[in-house]
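To keep things simple, chains are lettered A, B, C and D as they appear, and every chain counts its residues starting from 1.
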Amino acid sequence: MITIFINDKPYQVEPEQTIMQAADRLGFHIPRLCYHPKLSIEGACRVCIVEVVGMRNYVASCAYPVSEGMKIYTNTEEIRRARRDIVELILDNHPEDCHTCERDGNCELQRLAFAMGIRKRHFEGEKKHYEKDLSSASVIRDPNKCILCGRCVRICSEIQKVNALGYAHRGFKTVVMPAYNMPFKDSVCTTCGQCINVCPTSAFIEKNFTQELFQKLGDKSLIKVAQIAPSVRAAIGEAFALEPGRQLEKELTAALRKLGFDYVFDTQFSADLTIMEEASEFLERFQGKGKLPMITSCSSAWMKCLEQFYPDLIDNVSTCKSPMSMASALIKTYFAKKIKADPKKILSVACMCCTAKKYEALRPELMVDGMQATDMVITTRELAWMIKSAGIDLLHIKGEEFDHPLGYSSGAGTIFGVTGGVMEAAIRTAYELYTGETLLDIEIQDIRGLKGIKEGKLIIDGKEIRVAVAHGLGNANEILSAIRTDPERYHFVEIMGCPGGCIGGGGQPYAGSNSMPLDEECLMKRAEALYGLDRNKTIRRSHENPDVQRLYKEFLGRPLGAVSHKLLHTHYSPKEPRGIVPAELTVK
Amino acid sequence: MATAEDKNINALKSFMQESKTKDHPDSQLISILHKAQELYGYISQEVMNEISKEMNIPTAHIWGVATFYHYFNLKPKGKHSISVCLGTACYVKGAEEILNTIREELKIDFGQTSEDNFFTLQEARCLGACGLAPVIMIDDKIYGSLTPKKVVEIIKSYKK
Amino acid sequence: MPARFNITLCDGPSCIHKRSKEIVLRIEEELKKHALTDKVGINLSGCLGMCDKGPVMIINPGYAIYGSFTEEDVPEIIQQHILKKKPVVRFIVDEDHLYNRFFRVFGDVNFFGKQMRIALRNCGIIDPENIDDYISLRGYEALARVLTDMSPAKVIAEIKKSGLRGRGGAGFPTGIKWELTAKEKSDEKYVICNADEGDPGAFMDRSAIEGDPHTIVEGMVIAGFAIGASRGIVYIRAEYPLAVKRIKKAIAEARESGFLGENILGSGFNFEIEVRLGAGAFVCGEETALMLSIEGHRGMPRPRPPFPSVSGLFGKPTLINNVETWANIPVIILDGASWFSSLGTEKSKGTKVFALAGKVKNTGLVEVPMGTTLRQIIYDIGGGIPGDKQFKAVQTGGPSGGCLSEEYLDTKIDYESLAKAGSIMGSGGMIVIDEDSCMVNIAKFFLEFTQNESCGKCTPCREGTKRMLEILIRITEGKGTEKDIDKLQRLGNMIKKASLCGLGQSAPNPVLSTIKNFRAEYEEHVHNKRCRAGVCQHLLVYEVTDKCVGCAACKKACPADAVSGSPKAKHHIDINKCIKCGVCFKVCKFNAIRKS
Amino acid sequence: MSTPLEIIRKKRAEAINRIISKGYLSSKRVYVGMATCEIAAGSIEVMEVFQEAIRSGLSDVYLSQKGCAGRCNLEPTVEVVEEGKIPLKYGLVTKEKAKAIIERHLKKGEVIKEWLIK
């Protein structure tokens, strides 16, 4: 332990940490902007500067280590003024349109400006002016709002290893953009939306469908059908100032009906269905029909990533559609028939924790009978806004149940939202389908938790099956590279595009005033909400879901059968531009 | 038959092959961009894509580097390039006036090429001819001790 | 008139023992005899470190070092060296290569008389593309000496003892930098020569490399030996093609001659140097940005620590020095740290190269001992201001430096004094400014430069310098207010202390120093809308003089319809309509438009 | 085994011999400044004049390039060193001046005083 002085008072702290880390633990929250605990230290925004006795200049507390006897001042008049001026300089080059901005009230810069006490402006001048990029199906890029903290660049290169974004040009003209300033849709962007999650302002934001949806909800000629992804219920409370970890499944169902939906289904139902298909597909491959390892295909960011970065592994990927697209396909066929409706009159809306699902919905391969299966995808954030905007009191609403026949789910379908969940659910079913025995210990701890890469083994009928789970495309890269060199290493691999799996999706609520986006503790609590739902269910295995069983009996026949093949499976093909994961270089 | 285009791309490719044999091949990116510019006169998107594939470096990174360093041209240049020295010695001796004259005369700014593709205007920090300040350089030739009138004459002499 | 000759006599105890005091008297007597008293200056210096050869005396110009002579030999030396300009070879210490230089530069005594050339010792003397020329002037002897009988620790001790400080700007003690890098344990270390000279108007490094590339190579190999590195990199601007060609040639020749590569001079020591080109980014002169650039990235500085000595290029311990620093190394090894540290001031040893430019008669590269005054450089070497104009300011340190007014002319050149005066040594740009220049405009010029070269990473530099520039433009256009001067200072002081790297930290210097030293000019621009130098276009008043023949060229050209008058009669400019574009002035063939 | 110091002494002797064999001991040595700044001011043409003169028979002259000595405003510079005499440096040398230096100074020994750097 060493002694440091903060604002003249002595403290004992651990050596080998930064001033900011030490101060955080002591209860001094030094203002910050470009810093993110999961990303490399940038030291760029200079908001976290402090005074250190003996140093000629201010010191960026995020980057500077503590040392014995160090005298630090975090809140002198001078440093307050310097910080204030720095934040004002950022504002000076930022559109002053807070009240018409998507992130009004939710913006880190706005909070910071308020905390710095900027009530008067001194230095206004020329502002940057660039075109918004609206080309992507999922993510809108607005360089005018960008304050160049670089978090998006770092998450895209360091965590996701996609490298779609980089700094271009320099000085006052620096802009974060894809290569050649090409439209986002033509870039290697996987639409994962993590840039939105970490952006302190609204330089990145999802393509918003709320106005259009409100309009359609008022259209009496349409049958409005919603589905909700597992992770939405685990996180939407945060947008209503609840602590992370409280699930609002029944409240959401009620709220969606109040918004004007005629039917509210659960994506967890189709998750169970996915497991039926996927577990069967795995067992087929395991018995020699098809390539191993088999890799999951639920995550649409991962699917785009696959086609651009790993076209050589396309045959390893399960042909199963994602649960969303399975549900949508059924809504426009099975369900339409059931209610004797013209599928063209059905508006199928998916409420997702994900931005990439907006892209997925437009994939031509997923058309059903010439129709787009999922008509519209809104994120958790958009849904929260709609509920608030419509004046629905989500927290005090009386809970309701999902509609049938696509509303009932097992616990296995629930845990799809967490990294490792698909694998766990698949194992629960595959084991029993293959051996005919009941798997007793269905909570597979090896593949739970937030470790980047998780590995596990299980013995089915005397045969060893090696599985691996990765979340975040950067971690996925490690596993995929390993598979390229050693295809025998695993039998079954789960890949989720976002850190934490869907609970950490690019469409989840923004972090609050005292938390960081992608905060691990928050992710753990969201995960726990879903694991809790699973634990409280009597049916925890997909193949035991009675509605799934009925669906096969009435409509699909059998897993991997002809109808399944038509409605529940798809295919992938190599796409340009080819993505590149550099060997040793990270974009700085 | 090998076209000039093939020749260039082959030269660039063999340069990259050689770069890959060195320690830290990624670090050769700037040298490769220099080579590309030497071969083509500028660095096109196609060339950057080529470098990306060959060197396994993401295009966003190459683009970031290419736009950071002002030495690299991302567009083809005009027939002649005029560099106006804005070093201190030249500035003190009236380079700004010279620059404004050229801007007016050719209706272009730094980094731009005149409509007739005849001239590209560039800035230079110091051409090392401080004794002759203010100076400009057209292609490889230095013109010194300039006045606005002289500059106009020099530019006109190229158009003949 | 400045003294043409200088005799520097060692006044150390051992020379005193060898009757140096008496020798002084004898010299004075001899000078009087030949009526040379006012043409020759006599200085006493501290120990020159050649005690075994005492008494020791240097006669300049020429750096002829005389030793082991007696009072009786004085008349001969004075008569031969000063009167006949022929040094007395038998008393000259060592096989001194400096001697050779005396005659070489002699034809140019006004310019070179006050100079002392160490870093540039061979520049303008040898053929830089011929290694034989370098070797013939004791080239690579320092390296040989190091490899023959010095340990790495001893080399570092020698550099430390010399008091050499980094010539790139900040003046960090070179020996300590070496020591820090040497003590890191690592399988690989790097030695880097920073030749990314980017200051507008500074060309010391270019001249040094173009004139004497081998001294850089030699310095780097010595450092490699001292710190335990086997790889060196010269990072040089692509805009210097000739320098690139010459350093590459020097490296190839050195390799061929066994001064680079495996088993250098049979010593078992290996060292390789490669050349990497910059690509037009001033910020890459900053060491962390430079290393990132070598690694193939955008040259955006990163926070320190870790310092390069701990984690530098490719994460390995790295020693970075600039060109001029490297050029000093072989001399220190050859002529000794004691001799080197006898030159200069208490805290700044040796010499410094400046690129003297701007409004001065003799522009060029000068190398002077630390402690020389600005006045000596500008007036004695530079020959003063041309055209009988009034001196206004001298700008040192390039865009990171400051402008000093006349009262600072007697400031002695060293790191501390210049900093105290409000400027910096920097890498050595020295721009003389006369009454024809507007200080606000000069500040604007430098800020435009740094603003354009800002990497854009940190907020204060990226956004702050932009705002400062806008304010300056406002002031030069006559739209400034008193508050604007305060804002410049407020922003400037914040940017200095809050920016990530040296570029941002020093970017406000030209502005802050001109406000400090020339505040009246700012106030005139703001309050009286007047630019006393007549530089700021918008503050000019255009008038038609009696030379006007009424050709109406100006009337036709005026975009603001501000000119009136009938043909063949004197025209008139309406000041209220005039937008000060200067078109009338340009089109007038009769010089009839006056701007004031 | 020789020490590095012994090796360098040998190398220096060899280097000097090589320089001498190129005609260093001619009665006149001519150095043309050839740094970027000198070249910008026109020293290549000047150098060519001297080279051409030697090709067409000018003898007993040793011609070499050199770096920049720092006299920016007087470039290109040409230095003429005559054994036993004070070296002379010409400033602002042009092609024509170079021809004159060859004709008058190098061939006839006449110093052209008005072009000298004082």
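We take it that a residue touches a chain if its C-beta (ideal position, glycine included) is under 8 Å from a C-beta of that chain, and two chains touch if they have at least 3 such contacts.
Not measured: the values here are computed from a predicted model.
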Pair exhibiting more inter-chain C-beta contacts, B-C or A-B: B-C
By mean Cα position, the chain sitting nearest the middle: B
Chain centre separation (chain C, chain D; CA means) in Å: 27
Computed distance of Cα centres, chain B from chain A, in Å: 43
Separation of mean Cα positions, chain D and chain A [Å, integer]: 73
Chain B, residues touching no fewer than two other chains: 24, 26, 57, 61, 64, 68, 128, 130-131
Junction residues of chain C, two or more chains touched: 203, 206, 281, 296-298, 300, 357, 363-364, 455
Chain D: positions in contact with at least two other chains: 35-37, 72-74
Pairwise chain contacts, counting only pairs that touch as defined: A-B, A-C, B-C, B-D, C-D
Touching residues on chain D, where the partner in the complex is chain B: 35-37, 40-41, 72-75
Residues of chain A touching chain B in the complex: 157, 163-170, 177-181, 187-188, 577-585, 587
Residue numbers on chain B that touch chain D, as the complex places them: 127-132, 135, 142, 144
Parts of chain B lying in touch with chain C, wherever the complex brings them together: 24, 26-31, 33-34, 57, 61, 64-65, 68-72, 86-92, 124-126, 128, 130-131, 133, 148
For the chain C and chain B complex, residues of the former touching the latter: 198-203, 206, 238-239, 276-282, 293-300, 314, 355, 357-359, 363-364, 395, 398, 429, 431, 433, 437, 442, 445, 449, 455, 586
